[in-house]
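Read through the structure below, which is laid out as C-alpha cells, and then see the notes.
Per-chain numbering from 1; labels A, B, C, D, E and F assigned in written order.
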C-alpha cells in the first residue's frame, strides 16, 4: 500500500520535478570555481548517457562532508538532464518502511526507469538508505545488496540510465565494497575560505547593502580560522596559511547561522562568534 | 490501534498542553544565571523559526546529566512558543510498543506537524527512545535511523518546525553520528554551588521561614563538596575551590532529598548527610 | 489471554496480600540489628510517599547476595504500607511469557497503580526479569527499557507510588545504567557472624530446648569461618578476626541446612559440616 | 498439540514409571562404594522433602563426565521416592519443539507437580535442554531463564517438591549463574580403577564363568592406565599410582565395549585394546 | 507438505535402496588394504547391533578429507546390513527446508526407525547438515542439538539402531561437543600412494590395456609427490619418503581427473600434470 | 508468485538465450592470448560433460578482479555448449527476494536442469548471491549452504550438468570452504599491458582510422603504468618492467573510459589521463 500511495502522488513514468526542486530550496550559489567544475562534470555524464551506445549505464557518486550541498547539486544535475524519467530516491520518503519494502521501492524505481529511453535516478544519502550506524557497526545488508546489484545491472536493450548517488560517508562505502560499484566520483568540499563566505553574504544580502557593515564582517571572519588566500576546492585548500587544517563549514549550516545572525543586534559579530565556536 | 488510542485522547493538530505541564511539575526555579541564559536561547530559536524564510527547520539538543532539568526546560520553551502545534514525544508514552509502532508514532507526529504553519516538537530522552544500553551495546537502529532522517527532513513549502530534543547521554549521540543532525546545542548543567542550593531551599521553604535553621543548613552544606564561590554554569564551575571536580546534584534529586529531609527531626542535618554520601 | 487470566485471579485494583505473604514463608527473624535498620528505612520511604506533594514517585532498590532475604524484606515493607494498591511483580509469574507479553504485564501493573491514590509495587529479582545471563552477555533489552522508563515515569496528578525493587546482581544494573533510575538503595547483607546463626538456631528450635546441644553447636560453628566478634551489617563485618573475608551464608540457605541437619543423628555436627564445606 | 499429545500418553498427575525405567536399562551395578554413598544421599533428600515444613522445595544437581551414570542414578532415586508425582523432563522428548514450546512444557511439568502433595521431577541433561554449544557460545536463554526461575519457585502452601537435575557440563552452569540455583550437588565420577571394571565384568558375565579367562583379562587391564590400588570416588582417585591423572571410562561406554568384545574371538584382548586406545 | 512429498516417494518403513546405490555410482574399488579394514569394521558394528541386548544403539562416525569416499563406504555398509529399515539422511534432500523442517525430517527418520526391529540410518555430511561455515562461525544450532539428542536417544524396548554418520570436518564436531556423541569412529584417508592410483587406473582401464602406456604413466606419477613405497592407511602413510607430508588426492577427484585425461591426446601426461598442480 | 512470474517469461526447460546474450553486450574481443586459452578450457569441460559416464557433474569457477570479463566469458562458454538446457542464475534477477525465495529459485533451476540430458548453469557473481559484505562480516548462510550442497549434488542417472560460476572475491569463497566445492578453476585477469589496450582501441575504432592519433595515444599510454613488454595472462604479467606491480584495468571499465574519451576534444589525452588517475 506504500508503493500504491507513491503511485497515486506521482506517475511511475515521468519527472518528480517538485520533489527535486524542494531539495534545492536556497538555489545554487556559485560561491567558488569548483561549483562550476562539478556542474560541468555532471553535464558531461548526462551527455555520455545520451550519446554512447557502449555505455548505456553510468553511475556517479557525489561525496563530501555533511551539509556541503551534495543533494542540491545532484538534484540540479538531474533536472537539467531534461531526461523523460527523473526520479529522487531519498530516505526521507521511506521512514518507517520495513527492509523488504525499502528494497521493493528501490527495485521499482529502477524497473520504472527501464521503461524510459533515457532516465536519471538520484539516490540520496546512501549511508542513511542502508541505515548505517558506526556502533556495532549495523546497517541493512538487504538494502546494501539491492543497491549494489542495481548499480551494476545494465538496462535492457535500447534503454539508458544515469545514476547520481550522494553520501557524506565515503569511507563506509569503501569498507562495504560498494564504492567500486560506481564508474565515477565527484568530491563536494565544504567551504573553507573567507572568499566563499563573502560571496554568500552578498547573495543573501545580510547587511541590506550596507557595505561598511559587510567589510567589518569580512574583517571579523578573517580571524575565525577560515582560509583567506585560496579558493575552495583548489589544490591545498584543506590547509590554512599556517599549514594547519583549515576550518570548514557546510553551505547548509552557513545559511542557517546567517539567518540566526540576522535576528541579532550585531549580525557581523554574531556570525563570527558562531563560526568561531564551530 | 495504539495510534488510534492516541488520537482519541488528543487531536492530531493542536497543543498537548497538559502533557507538557505535567513534566514541569515543580516549576522552573531561577536558582542560577545560566537558567535565564538557556531560556533566552530557546526564545531566540523560536523567533528564528517564526521569521526566517531560509531556515524553515531548526533543531536543538538540550543535554546534561540525569535530573538536571532538561525535560522541564524544553517543555517550558515549547509552551512559550505559542505555536499552534506543540507536541511532546516521550518514551513514557511508548512503553511496550514494537519498534515499527514506535517509528510509525514518530513519523506521524512529524507528519502532523507539517500540517501546521508553525510547529514545535519536544523529543524527550533520545537515549531511551532508541533503547540504548551500554552493554553490547544494543539499541533500536530503526528508531535511531527514523529520528536521524526526520531531524534532517525539511517541512514542505510554507511550513516551519522547531525540534527540541533532550538527552542525558550526548556521548552516545556522537558515537552514533546523530549529534551532527542538530543545528544547535544547549548544555544544562547539574547544580554544583551552595548558592544554587540555598536559592532552592528558600523557594521550597524547607525551614518555614526559620532563618537561623536556614543559615545553619547553608553552613553544613559548605562542607559536602559543593562549590561555595562561583555560580553554576559559569566558566570553571566544574571545579571546586581546590581545583578538584566539584560535587554536583541534579535539581530533580535535590528536590527529592529536601522532601525526605522535611520528614526528619533535623532536616538540615539530614539534607547535608544525603548530599555528603551522594 | 495471559493478562486476562491474571485479572480473573486478582482484581487490578487491590492488594495481592496472599502472594506477598507466600514469599515471607518463614517470617522475618530479627537476628541482627541491621534487619531493624532496613525495616525502619522502608517505613520512612512509605511515609515520604504518603505525605510529600513534591515527590509523588519514590523508587528504592534492595540489593544483596543470593538468599539474603531481599524478597521477604521488600514484601514485608509493602504489606505494612497499608496502601490501597500493593502488588508483586515477579519473574515466577511470567515464566514462558514472550518479551512483549512481559512488557505488557509490567506496563499494566504500573498503569493499574496510577488508578489508586497511594500504591506500592514490589519488582522482584530484576536480574531475572530482564533475563540476564553473563555469557554473551544476553538479556531482554525490551524489558530493561520498559523498566527503566516506568521507574522514571511520574504518576498522574494526585497519585503517588512507591516502587521497591530487589536484585542479587547490582553490578549488572550499574553496567546497564539502570541503577541510576533509583532514588534510594538499601543493602541486605548475608549472615557472616556466629551470633546471627545462634539467634536463628534458637528461633527455629533446632535442639528442642536442649541448651547443652545448642552450646556445643555454637562451639563447632566458631570454627567454620564465620565472624565471632561483631554483628552482621556493622562496619567491617565483611572481614573476620584475621582480616580475611568472612564466610557468609544467606538466611534462605541457612534455614535449609538446618532442616537437613534436623534429620541427622548429630544435627550440630551435620550443620557445622555443611557450613564448613560451603 | 504437542502438550496435548503428551497428555494422551500419560496422565499429568501420576508417575511416568515406564519412562524412568527405560533410562536404567542395564540396572545399577554397585561396582564401587561411592555408588552407595550417592544413593544414600538421594534418599536423605527425599526424606527432607517428605518431612520438613520449612523446606518445601529441595533442588539437587548430579554432575559428572559423559556416560558416568547420572541419568540412571537420578531416575533410580526418583522411583524409590514413591512420591505420587514423579516425572522425567528430558531433551529426548523435546526434539524439534520451538523454544516457547519447550518452556511451556517445562512450566507445565512444574505446575502439574504443584497439584500433588509430594512430587519429584528429574530434569535430565540440562546442557542439552538449554541447547548449549561451546562455539559462540550459543544456547537458548529462554529455556535457561525458565529453568532458573522454576528452580527457585516455591510450591504453593502444602505442596512439596524435589528436583533432581543432571549435567555433564557443570562449568557451563556456573558460567551461566545457574549452578547457584541448586541447594545441593552430587558428583558422579567415571570409573578409573581396575577393581570397578572387574566388578562389572563379573556382573555381565563376559567370560561365562571361565575364571582363568577372567583373571587374564584383569591382568591385561592393569596395563591400560586404570588405577589398580584404590576404589573409585575415594579421595585421590583422580590420579594413578605414578601420580599421573588416571584413565577413566564411563559405565555406559564400558558396557558397550564389553558387548563389542563379546563378539570377538579373544574378548579379554579386545576389551583391553579398546580401553588402551580410549 | 515436504514430509508428505517424501512419504509419497518412499514408504516410511522400508529400505531406500535406490538412493543409497546412487551415492556409490562408481562402486567401491579395493585399491588399498585399509578399504577392507573399514568394511570389516562396519560389518562388526552391524553384528553388534543385531546380537547384543545391552547395546541397542550403536553410533559410528566416518571422517576423512573431502572426496575420500566416506559417503560411498557408509552407504555400502548400510546396504549390506540387510536390516529391514535402512535410510539415508542427506543435506541434498533438504535444500531450501527451513530449520524446523530439517529438524522435523531428522526426527521423523529416527522415529520411523524405531518401528523396525533392526534399523540403520546413514547421516551424511554432518557439517553441511548443520550448515557450518567457518566465518563467524555460523551454523544451525537447532539441527545440531536435534542431532546430538537423537544420537544419544535409546530406541524403545526391543528395537535396535545403527547410525553411520560422515563428515569431512571432524575438528568442527569436536569443537561442538558432538563428536563425543559417537561410540565409535572410522578414519577414511585420501589416496597418497602411487600403488593405489595404479590400482584405480587399471580398474577404470584408462589405457585400454596398453601396458606400456600404463607403465609410462606410473613412471610419471612417481614424480608428482605421491608416496611410492607404502600402502595408504598404513602407519606413517601421511609422510612421503623424504619425511615431508605426502601429496593426497581423494578417490572422487582422482576419478574426475582420469576422465578429463581420457579426452586428451596424452592421457598419462595430462593426469600427471593435473596431480602435479593440485 | 515470483517463481511463477519467472515461468511465464521463459519455459523451465530450454535455453535463456536472450538473457545470456545481454551480458555479452560488447562481444568478446580477443585482445590477448589468454582469452583464447580460457575459451578453449571451457570447451574442454563441455566435452567432458558430454562424453564421460563417470563424471556426470563438472563444476568450474571463473574468478578475477571486478570488470575483467568473467560474466561475458562464462555466458559465451554456456551458449557455445549447445546443450538443450542453458540457464543464467544472477543476483540481478533476485533483487528483493527473501532468503527462502532465493534458495527456492536456485533449487528450482538445478532441479529443472536434471530434467534435461545435458545442462549448463551459469551462477553469476557468487559473492553477491550470498550477499557478502566484508563488514561484520555478513552474508546469507542459507544461500551459501544451498549453493554448496547443489554444487556437490550428482544429477540423477543419465543426466549430466556443467556449472560455471563467477566471482570477483575468490578469497571469500576460500574462507567459506565453498571453493573446495569446485572441481576446476579458471583465472580471468584484468588488462595490464599496453598491447591489450591497443587491441581494444582498434576494435572499437576510437580514432576512426586515424593512425597517427592512434600511435600518439599508444605513446601516451606507455607512461600510465601499464606493462609494455609482455602479454596479459603470461607468467609474470602481474609485474611491470621495473618489477613493481603493474597497473591493471578491467575490460569493462576500459570500454567505459573509451566512450567517455570519445566525447572529448582530445580523446587520446583524456583516455591517458583517466588511466593515469585510476
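The rule we apply is simple: a residue touches a chain if its C-beta (ideal position, glycine included) is under 8 Å from a C-beta of that chain, and two chains touch if they have at least 3 such contacts.
Only a predicted model underlies this, so the values are computations on that prediction, with no experimental measurement involved.
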Starting at subunit B, how many touching-chain steps does it take at least to reach subunit F?
2
Same residues or different residues: which describes how subunit C and subunit D meet, taking over half shared numbers as same?
different
What is the chain whose Cα centre is as far as it gets from that of subunit B?
E
Using C-alpha centres only, name the chain that sits farthest from subunit F.
C
Subunit A and subunit C have mean C-alpha positions lying a whole-number Å distance apart equal to 59
Cα-centroid distance, subunit E relative to subunit F, in whole angstrom
34
On subunit C, where are the residues touching two or more other chains?
none
Using the contact definition from the top, classify how the chains connect: line, ring, star, complete or other.
ring
Beginning the circuit at subunit C and going via subunit D, which chains come one after another?
C, D, E, F, A, B
Which part of subunit C faces subunit D closely enough to touch in the complex?
22-23, 25-26, 66, 91-92, 95-96, 98, 128, 131, 133-136, 138, 204, 253, 255-256, 258-260, 262-263
Touching residues of subunit E toward subunit D in the complex: what are they?
44, 47-48, 51-52, 54-56, 58, 100, 103-104, 106-107, 137, 139, 141-142, 144-146, 148-150, 152-154, 156-157, 175-177, 180, 183
